Amino acid sequence: MSKIDVALIGAGRMGSIHGPNAGRHPGMRLKYVIDPRPEAAAAVGGPFGAAHVSLDEALADPAIGGVLVCSSTDLHLEHTLAAVEAGKAVFCEKPLDLDLGKVVAAAPKLAKARLVLAFNRRFDPHFVALKAKVDAGAVGRIESLHLINHDPASPPPGFIPTSGGLFKDFTIHDLDLARWLLGEEIAEVYAAASCLVDPEIGRLGDVDTARTVLKTHSGRLCVISNTRRSGYGYDQRIEAFGSSGMVSAGNVAVDMVHAQTEAGSSGAPIKYGFLQRYVEAYRAEMDHFADVLHGRAEPLVGYADGLAALALAEACDESVRTGDVVKPGDYTHA
Amino acid sequence: MSKIDVALIGAGRMGSIHGPNAGRHPGMRLKYVIDPRPEAAAAVGGPFGAAHVSLDEALADPAIGGVLVCSSTDLHLEHTLAAVEAGKAVFCEKPLDLDLGKVVAAAPKLAKARLVLAFNRRFDPHFVALKAKVDAGAVGRIESLHLINHDPASPPPGFIPTSGGLFKDFTIHDLDLARWLLGEEIAEVYAAASCLVDPEIGRLGDVDTARTVLKTHSGRLCVISNTRRSGYGYDQRIEAFGSSGMVSAGNVAVDMVHAQTEAGSSGAPIKYGFLQRYVEAYRAEMDHFADVLHGRAEPLVGYADGLAALALAEACDESVRTGDVVKPGDYTHA
Amino acid sequence: MSKIDVALIGAGRMGSIHGPNAGRHPGMRLKYVIDPRPEAAAAVGGPFGAAHVSLDEALADPAIGGVLVCSSTDLHLEHTLAAVEAGKAVFCEKPLDLDLGKVVAAAPKLAKARLVLAFNRRFDPHFVALKAKVDAGAVGRIESLHLINHDPASPPPGFIPTSGGLFKDFTIHDLDLARWLLGEEIAEVYAAASCLVDPEIGRLGDVDTARTVLKTHSGRLCVISNTRRSGYGYDQRIEAFGSSGMVSAGNVAVDMVHAQTEAGSSGAPIKYGFLQRYVEAYRAEMDHFADVLHGRAEPLVGYADGLAALALAEACDESVRTGDVVKPGDYTHA
Amino acid sequence: MSKIDVALIGAGRMGSIHGPNAGRHPGMRLKYVIDPRPEAAAAVGGPFGAAHVSLDEALADPAIGGVLVCSSTDLHLEHTLAAVEAGKAVFCEKPLDLDLGKVVAAAPKLAKARLVLAFNRRFDPHFVALKAKVDAGAVGRIESLHLINHDPASPPPGFIPTSGGLFKDFTIHDLDLARWLLGEEIAEVYAAASCLVDPEIGRLGDVDTARTVLKTHSGRLCVISNTRRSGYGYDQRIEAFGSSGMVSAGNVAVDMVHAQTEAGSSGAPIKYGFLQRYVEAYRAEMDHFADVLHGRAEPLVGYADGLAALALAEACDESVRTGDVVKPGDYTHA
């Protein structure tokens, strides 16, 4: 496989995952890292011989075929637009932006772009296997869905104000999963939410525990369960209920060792956080982006999905604010 | 253990379970069976030497200490009131009645009665073990709850019109479980429901698939998942999420046999219906009623619980009808 | 179903299980209990109205169709012979006798008798389901077998001298299971055994921990794992390895409750002893004996099986004594 | 971490695993690949810039700190001796040699060498976690052990003649595991073996199905279960039975997806072969070798372990040949 040059924007938490995955990928060469902090750029790009350059330099280089947007959330959209305008394929961390209006406004430029939006759940091998089983008709038509997405421990309070809140930052993964698995748009949203984990989160105007009910136009139902602190690891499960049975994707334990004593059985904890749980999903995302870069695939998840999930997250926010059921806006033709 | 005489009202589906359990119980003698159909009464009572008598005769017999009310739902309240007035201890199948007003009106007579209301889930050994673990603080304070209650197959359409509908007939079990496990009253109810299983159920004005969200006064959340047809057996599970972990009660499989081939693993189905799943709960209910009869215990679940669960079921109905969040009436001091 | 009268010999540990199961069975009436201790006989037979009589009286009663032999092991054979000679069907606890010579000598009288030998594992629903899967060809021809049979806790030392030793008392169940599941006789036996649990068992000349390897004439292999004290309950498992996969029967837990915390998962212990684990097997044994009594079935397991298992147990003893591989005697045409 | 140069001998099946793991390791640089086939050497070494040289050249380079011996089994010992004599640390695939005499004779040169013998099970995270639990006393003193090691499918017949046979090629892993987990030498060996999978294996003088019983000097017991073709994947399990319970390491499934229908439950197969199952063990082996190279650790498993396991494998061969129990030679002071 030949290699296509890529540039990484942002050498922070997500850039430290995607950058090295790109650097080790047989179909890409990590040529540049763009980050205001030279040491951060060097730490991520150094082992792969990537140069620390400005965004303009990177985008001006015609050898660059793709850009990985891992900057802070408030810059995702700006960087994505710049890279698309420069003719690059883009891999962008979710969400595209926290402002639905801005995302809607970007439709003319992004709706047809070669843009892979990094909803990692869609690339997790367990969830992919579940989707395949559902699509193969293993349990008939899916009628309802449970999505469990519990973070192991509260984020630092400093993260909350710029996070966009629980729904835009965290639930957005599940809102995308629901659309993906049900293959149908959502007609009604109801979200019940509380601040039970950390009063500081409440003081900052956010919630930490929520149950969201989605209803599709044909009446199918989805429940999303979220909490910012599970106390037992990163609970990532799906249960899909069909007309002739159910399919579930369970958690992955740290190891397969069990003990039995008179007191009962005991086993290992589940994988603790997203770095452990989604390590294979992150690699599969990069495989997919390589396929897009090399013209072997169209993006599996892109602008329209990011827009739809954000519109649903906004409906969740409104439901919590008003205490009412909300009909999300229809952006499917954006 | 001495035996106290009891009478069974109703030799139908539930009477055929509770009657023999009473007949075999070391603390009771099944003396009478009351039922308009002599053959039905004989079939249930015969093996225990129980006589087929009228309700008046049975209640007039001072040797009768307790009455098992297993008549049709529309007669539960009338029979319970008659038995209580005759000074008997009563074991009554759920629900007390479908009409909340009538149940409220019965408060003066029933609030302090020796009345065990047969919410079988409270007596299931798995759910009892879960409750014990929660109460022992195994995972800290419970913040949210998932209750899964899926029937294996649709009831016959003829059952629907007198059933009271999905919420009063079926969800009522979960509404009671939620109160029991959370130890707190419900402040808000939202129910999303559809008719996805059987269009006939819809024509009869009922729903067959629902997700209900309960919020307590302190903000704790409970999701109830119901369907009339699972396609894989009687799915009866609980997941309780606490501040330091989760506790779950899983399904019981028909046997512990597993096969492994290149195609994967396979195992037995889960227990198919309530007769299989709750066989031990029904025995434990009768043990508890025997304890009440013999003065060794106060009813663990009675009038107040039946009233509260019915009020919540009515709130679910209203939520489905209006599409809104509903604040259930407060009957805790009824 | 009509009832056939039966007599119970022995109101001890096993009689207290089988007597009441017969007494409650719709196809039998427990008419007599024979036991040198009147109180023991009354305790078991009283609730069913069974009279305490002598063995001669019971066998002389032409109404008695069947006899349950639950006396001490050294009397099993004598009581079985007496009952068979009196024309009764017999249900006899294992083993028939500890002395192989005596059992061989009884062939003329017992080989064709209506005798059900109580190898309870053959009636366990989990093992029956495994056998059905194997017989249905779910994993091809069985090539090897693991039988795990671990007692929860050491028997009282007083039990050892009359027990016949680990192999005749305990392993005999597995030796029968091996023949049943493999459908082939055993050509070679090797048993490695130690006294690791309780030195007192060793002083009494017995062992408490053993691994036994059986090889059939066609070369198929079976390993039996035994210990007198598991420390975690009554471990009762089978793994059958076939040409296209494996089938296993796992342990049954006390309940289906699991907790997850940062420390890991935890669950209930497995069922502790034979009374808990084989409660359904004991009922199924009595169902089968009822079928034999009523002429609806031939004994599924009888004299020939008891003889074969005993001969294998004796081969195990010899293997431990000599440290060599032993070819068991061929009693299949006894 | 600085990098130390290493050379890989053998670019075949195992070299294709260890070479790239060394090449990607932060503590090593893969400088040379030695293999008679230039294309094979290039395929493995090329991506890491490793040169294709002769063994002499590689060993003569003072910059080379370590050598990975992945040549064919009959050359393991020769290559290891050459590398040790050249003052290199050695990572050698198992077994050291098929000829016990040759391995014994190498003691003066290898007993104190910096030699890591690649018994991959010792580095598997599941087995390491089991060992840690056992060492922490979770279930008291280990009294007996089950090791299950089933290959998914028969090797090509061409492999058999040079393989050393089932015990030296395959069981040797379990013989090493037994010593590691029991922490005690083996006093007696009995192996029962058959050719049930592929008659061609039998014609070549080997067996394909075996059960081996080991007894330690203190009487503890270990059963090893081996087959060349499981029909359900690579069955790799351990069960350790202690004085107060058991610890087990189960198989790893391909994914965590399960379906439930009226027919029962179904799930993914277990990982199919050693490449899938031991991918993490191979990485951990290279981590350990890096630690040895950098002087941060002594070899966890080396010459003495390889010798002991080989002596036990030879005892297994003798037991199968003679049909007797065999006392393995004592090479613990070799």
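Each chain gets a letter, A, B, C and D, in the order it is written, and its residues are counted from 1.
Methods note: contacts are C-beta pairs under 8 Å (C-beta built on N, C-alpha and C of every residue); 3 or more make two chains touch, one makes a residue touch a chain.
This one's a predicted model, so the numbers in the text were calculated from it and none came from an experiment.
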item	value
Selected pair, greater C-beta contact count between C-D and A-D	C-D
Same or different residue numbers at the subunit B/subunit C copy interface, by half rule	same
Rounded Å distance, subunit A centre to subunit C centre (Cα mean)	58
Inter-centroid spacing, subunit D versus subunit C (mean Cα positions, whole Å)	41
Junction residues of subunit A, two or more chains touched	139, 231-232, 244-246, 260-262, 268
Subunit D partner contacts - residues on subunit A that touch it in the complex	24, 125-126, 129-130, 133, 138-139, 244-252, 254-262, 268
For the subunit B and subunit A complex, residues of the former touching the latter	139-140, 143-144, 146, 150, 188, 190, 192, 194-197, 209-211, 213, 215, 219-221, 223, 225, 227, 229-232, 235, 241-246, 323-325
Partner subunit A, residues of subunit C touching it in the complex	231-233, 235, 253, 260-270
